[in-house]
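For reference, the structure discussed in these notes is given below.
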Amino acid sequence: MEFTIYLAGQIHDNWREEIEELVKEKELPFNFVSPQTNHDLSDNIGENILGEQPGKYYKDQATSNINNFRTTVLMNKADIVIASFGEDYRQWNTAMDATSAINQDKPLIIIRPESLIHALKELSNKANVTVSTSEQAVEVLEYLFA
Amino acid sequence: MEFTIYLAGQIHDNWREEIEELVKEKELPFNFVSPQTNHDLSDNIGENILGEQPGKYYKDQATSNINNFRTTVLMNKADIVIASFGEDYRQWNTAMDATSAINQDKPLIIIRPESLIHALKELSNKANVTVSTSEQAVEVLEYLFA
Amino acid sequence: MEFTIYLAGQIHDNWREEIEELVKEKELPFNFVSPQTNHDLSDNIGENILGEQPGKYYKDQATSNINNFRTTVLMNKADIVIASFGEDYRQWNTAMDATSAINQDKPLIIIRPESLIHALKELSNKANVTVSTSEQAVEVLEYLFA
Amino acid sequence: MEFTIYLAGQIHDNWREEIEELVKEKELPFNFVSPQTNHDLSDNIGENILGEQPGKYYKDQATSNINNFRTTVLMNKADIVIASFGEDYRQWNTAMDATSAINQDKPLIIIRPESLIHALKELSNKANVTVSTSEQAVEVLEYLFA
Amino acid sequence: MEFTIYLAGQIHDNWREEIEELVKEKELPFNFVSPQTNHDLSDNIGENILGEQPGKYYKDQATSNINNFRTTVLMNKADIVIASFGEDYRQWNTAMDATSAINQDKPLIIIRPESLIHALKELSNKANVTVSTSEQAVEVLEYLFA
Amino acid sequence: MEFTIYLAGQIHDNWREEIEELVKEKELPFNFVSPQTNHDLSDNIGENILGEQPGKYYKDQATSNINNFRTTVLMNKADIVIASFGEDYRQWNTAMDATSAINQDKPLIIIRPESLIHALKELSNKANVTVSTSEQAVEVLEYLFA
Amino acid sequence: MEFTIYLAGQIHDNWREEIEELVKEKELPFNFVSPQTNHDLSDNIGENILGEQPGKYYKDQATSNINNFRTTVLMNKADIVIASFGEDYRQWNTAMDATSAINQDKPLIIIRPESLIHALKELSNKANVTVSTSEQAVEVLEYLFA
Amino acid sequence: MEFTIYLAGQIHDNWREEIEELVKEKELPFNFVSPQTNHDLSDNIGENILGEQPGKYYKDQATSNINNFRTTVLMNKADIVIASFGEDYRQWNTAMDATSAINQDKPLIIIRPESLIHALKELSNKANVTVSTSEQAVEVLEYLFA
């Protein structure tokens, strides 16, 4: 039995690699999918495919279509979602992915620094588990086989 | 035929009153429900009912339960959701409510200043309509009867 | 017991009025909702609310958002959908509304001239009933109380 | 991880082969299913199996049953739907397949010539991505692994 | 609080009137809907509306469309379904309505003579309650307020 | 806007009356439904309607059918569920009703004495709010209008 | 791509073997599951496992539980359902399985002799395809790959 | 065709091993998943991962999150659920898992001693099959292939 995990969330540190390495070390049967983590590509894929747009607003429309396409395809395949929030940016797409996981009954782990406890309290309340570090998230995953 | 609208979102200006007044002037058949808009009460309702908690983290847990209870009861009654994002705070509970509206096929209008276009692009892409002002939101509502 | 009927479809003759009058004559307990039937308004509502767009493609994007908002709000209220296809135009939004009715288990009557039997065969196969005239559609409605 | 793509839509040029070749060249992990693309067989399969029918109307009924059977079986297996609209014919079955994909939360790419932008605006608004060429559709698919 | 009851099933004795009278006597807050109980009309409504058909098979197709339309509209409004099976005929449409009630989580009471216990055992197993007489069915309804 | 509340749970003290009175004092717009609270009737309704059964096991089967019928009809009408657990008995039907509320996205308040915190921890984790007294439950209800 | 087919229905001739052989001859990628086709075992499995029951009614209750368990497990695995009706017996469990297939959007083929056209008309109307012979059913299956 | 079985329920005797051994002897194609069966670990996993909590109530909150995470991940993978109730403890989490299986249309077998017949009657009524021993449960499983 293998499980697919969607790694939603911030792209400003190497939390995905941390989780993947810890999982590899412990030989846990998980494979991983994620949104586009190259920030520039994620901003430009709309214009790359559909051509130049008449301004930023239209550029954002074009690119969000394709980012949401990717997210939906890969989230549909996931058994578990981990959503990581960092201190920078609004990360509303992360909140959207986390909420969709909840609404689709896909088990959800949130990772966030303690500084974000208050701002995330309603979302954390609906997640299965909220932790502060990648190590803790992997301990939760490991518990599936304990 | 009457419609109930859930007014999700920021509580830092009087956008709810603006919308309710415009709707009243135009004699449109809408009634409104909303999350707790008294910020202090929304932070303290957990301790008010369940008693003092051993620290901020537990206080937030207690209060988020009851805020989510209110949101779920009232969103279940809503035919339409309007979610308003402002420039302050993270507003992840607003993003959660907006995403739940999308996932439950409840028509969604997002209101946001132009400064937030980029940060909201993926969520806007899934909303039915995104506008910049309360007046525009009411024009969209008015179109139901045009 | 009252029933709400969504009248999807073409706006090139007065079929909606025909149905509403026949229903009134027979004193049947139906009320009606429909998409925007003013073609110009339906094309321009996007620019009317959101301001001028940089070309036809963007104008169509803006206006389709708001038309789909209206359709979703009103279809959600409907107990029955009648979709009328005419000989002009592609009418893909009508096909979309009819399919959504099928997918949501909302009973669906299709009205179409005999010239369209072949082109509509797969959609007719999934509709509850397909007829050729407004009179026949109302006879089907009347059968609910026969 | 492999993905199955349902190729809905027009059968008047070789767009399916184009996509399959591009995907093969790029060694992407997709396999493909599609509706009946032999137009004559698609019109006659009802009579082939159920025997001669008493006229065109009944022939169309018989054959639409079996075409919809095929579509439902194969769409149920698909992770992604691509719907291609051409300039000929009404293509209402394509609009039906595309709408069913939307309603089942199966990610949808629409391909259409620019001449059809206006007629498809409401359906495009609900699709994940709308493009003009097979090459662009494959670029969107490729983005899943970028 | 009022409840709507769909009275599915056989049309060969006056069980519907029995139930309606008992409910009236006991002043219970139920109203009733049902399939077409005029057998001839139920067989002919297809030809009545759509015109003469080329044989019995096609006549049955035409009329079943419209009977299923009626059933779906009225079942969608029902809070409770009572399905009565008698000793005559196959009554597969009754079995279909009863199964749809089960699948839609609409509470279901089956009424059947003791001679049909064995033949109905799998369906009874999924119904909420199976009884032998109209009086018993009304006693079950009355228990809602006991 | 009125809300219907299903009062699931123990029948060994007057917690239902307490809640109804508090709600009446505060003039809150709630009405109430509940399972059978007459324990004897709840045990005997099966034999009362279906006749004497050949032993306790069969008596329990007969009566559970009719209790579940009542629960399903009334829970389907409820906007909110309150489930009260006491210190006596196993109360597995209460746990079943509470879980069904969760699974149907009906907001759920659990009331339980502090002695049951540990035993109810997994169910409480999925409820919206867990409190210790009827007064607290009504304070949560009151918050909907605060 | 392999498909699992649930063969619901009558057990009085060898139609299942016929279909399995035809499929094998044509080398189509189908595997098959079915309800219990040993009539005696299907009647007695309840008593076999749970012990002797106090009469026929209770024997039927016990056995129907276990037959429905089997049906649900295997239908959940099926991509396609074929339901065969014969001229003997009521076959209400077959009607139940066919209706559940419809309600779960599992494509359904009905096989029935022409003598049953009238009695099955409403159920046939909701099935994807209705045919008269096993050969025709396999031709419909073959069309998936034509 | 392989089936995954979730073994919910009590952890006070070796019923899981009994079932797994019987299945192995009979060479049936089942594999098994289960909740945490180490009672201490199940109570402490919250503090193990999230750190010491300020009292029992908070310790229970922390640990229930992670137990429910495990249950949801593994139940989502299960084709069948077996829930075993014993005479000790309240076992409300078992009742919750059993009810979730019912609500998700996952076939459910309950095992319980005869002393619990009365207390479990409403839950048994919704389960597919209720038996008294592990041997009987395996006989039900074996019937899938009989």
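Think of it as A, B, C, D, E, F, G and H in the order they're written, each chain with its own count starting at 1.
As a convention for this text, contacts are C-beta pairs under 8 Å (C-beta built on N, C-alpha and C of every residue); 3 or more make two chains touch, one makes a residue touch a chain.
Please read these numbers as outputs of a predicted model, since none were measured by experiment.
Counting steps between touching chains, the shortest path from chain C to chain F takes 2.
Chains making contact with chain B as well as with chain F: H. Note on connectivity: the fewest chain-to-chain touch steps from chain C to chain H number 2. For the pairs B-H and A-B, the larger set of C-beta contacts lies at A-B.
Of all chains, A has its CA centroid at the greatest distance from the CA centroid of chain E.
Relative to the C-alpha centre of chain B, the farthest chain centre belongs to G.
Look at the contact of chain F with chain H and you find the same residues on each copy: over half of the numbers used there are shared.
The mean-CA centres of chain A and chain G are about 43 angstrom from one another, to the nearest whole unit. Centre-to-centre, using mean CA coordinates, chain A is 31 Å away from chain H. Between the Cα centres of chain A and chain F there is a gap of 38 Å. Counting partner chains per residue, chain F has residues 61, 65, 68 touching two or more of them.
Going by the touch rule set out above, the chain pairs that meet are A-B, A-C, A-D, A-H, B-C, B-F, B-H, C-D, C-E, D-E, D-G, E-F, E-G, F-G, F-H, G-H. Residues 56-57, 60-61, 63-65, 67-68, 71, 85, 89-93, 95-96, 98-100, 103-104, 114, 116-126 of chain C touch chain D in their complex.
Residues of chain C that touch chain A in their complex: 54-55, 58, 61.
Listed in rising order, the residues of chain D touching chain A in the complex are 1, 3, 79-80, 105-107, 109, 128-131, 136, 139-140, 143-144, 146. For chain G in complex with chain H, the touching residues are 4, 31, 33, 36, 38, 41, 45, 48-50, 65-66, 68-70, 72-74, 76-77.
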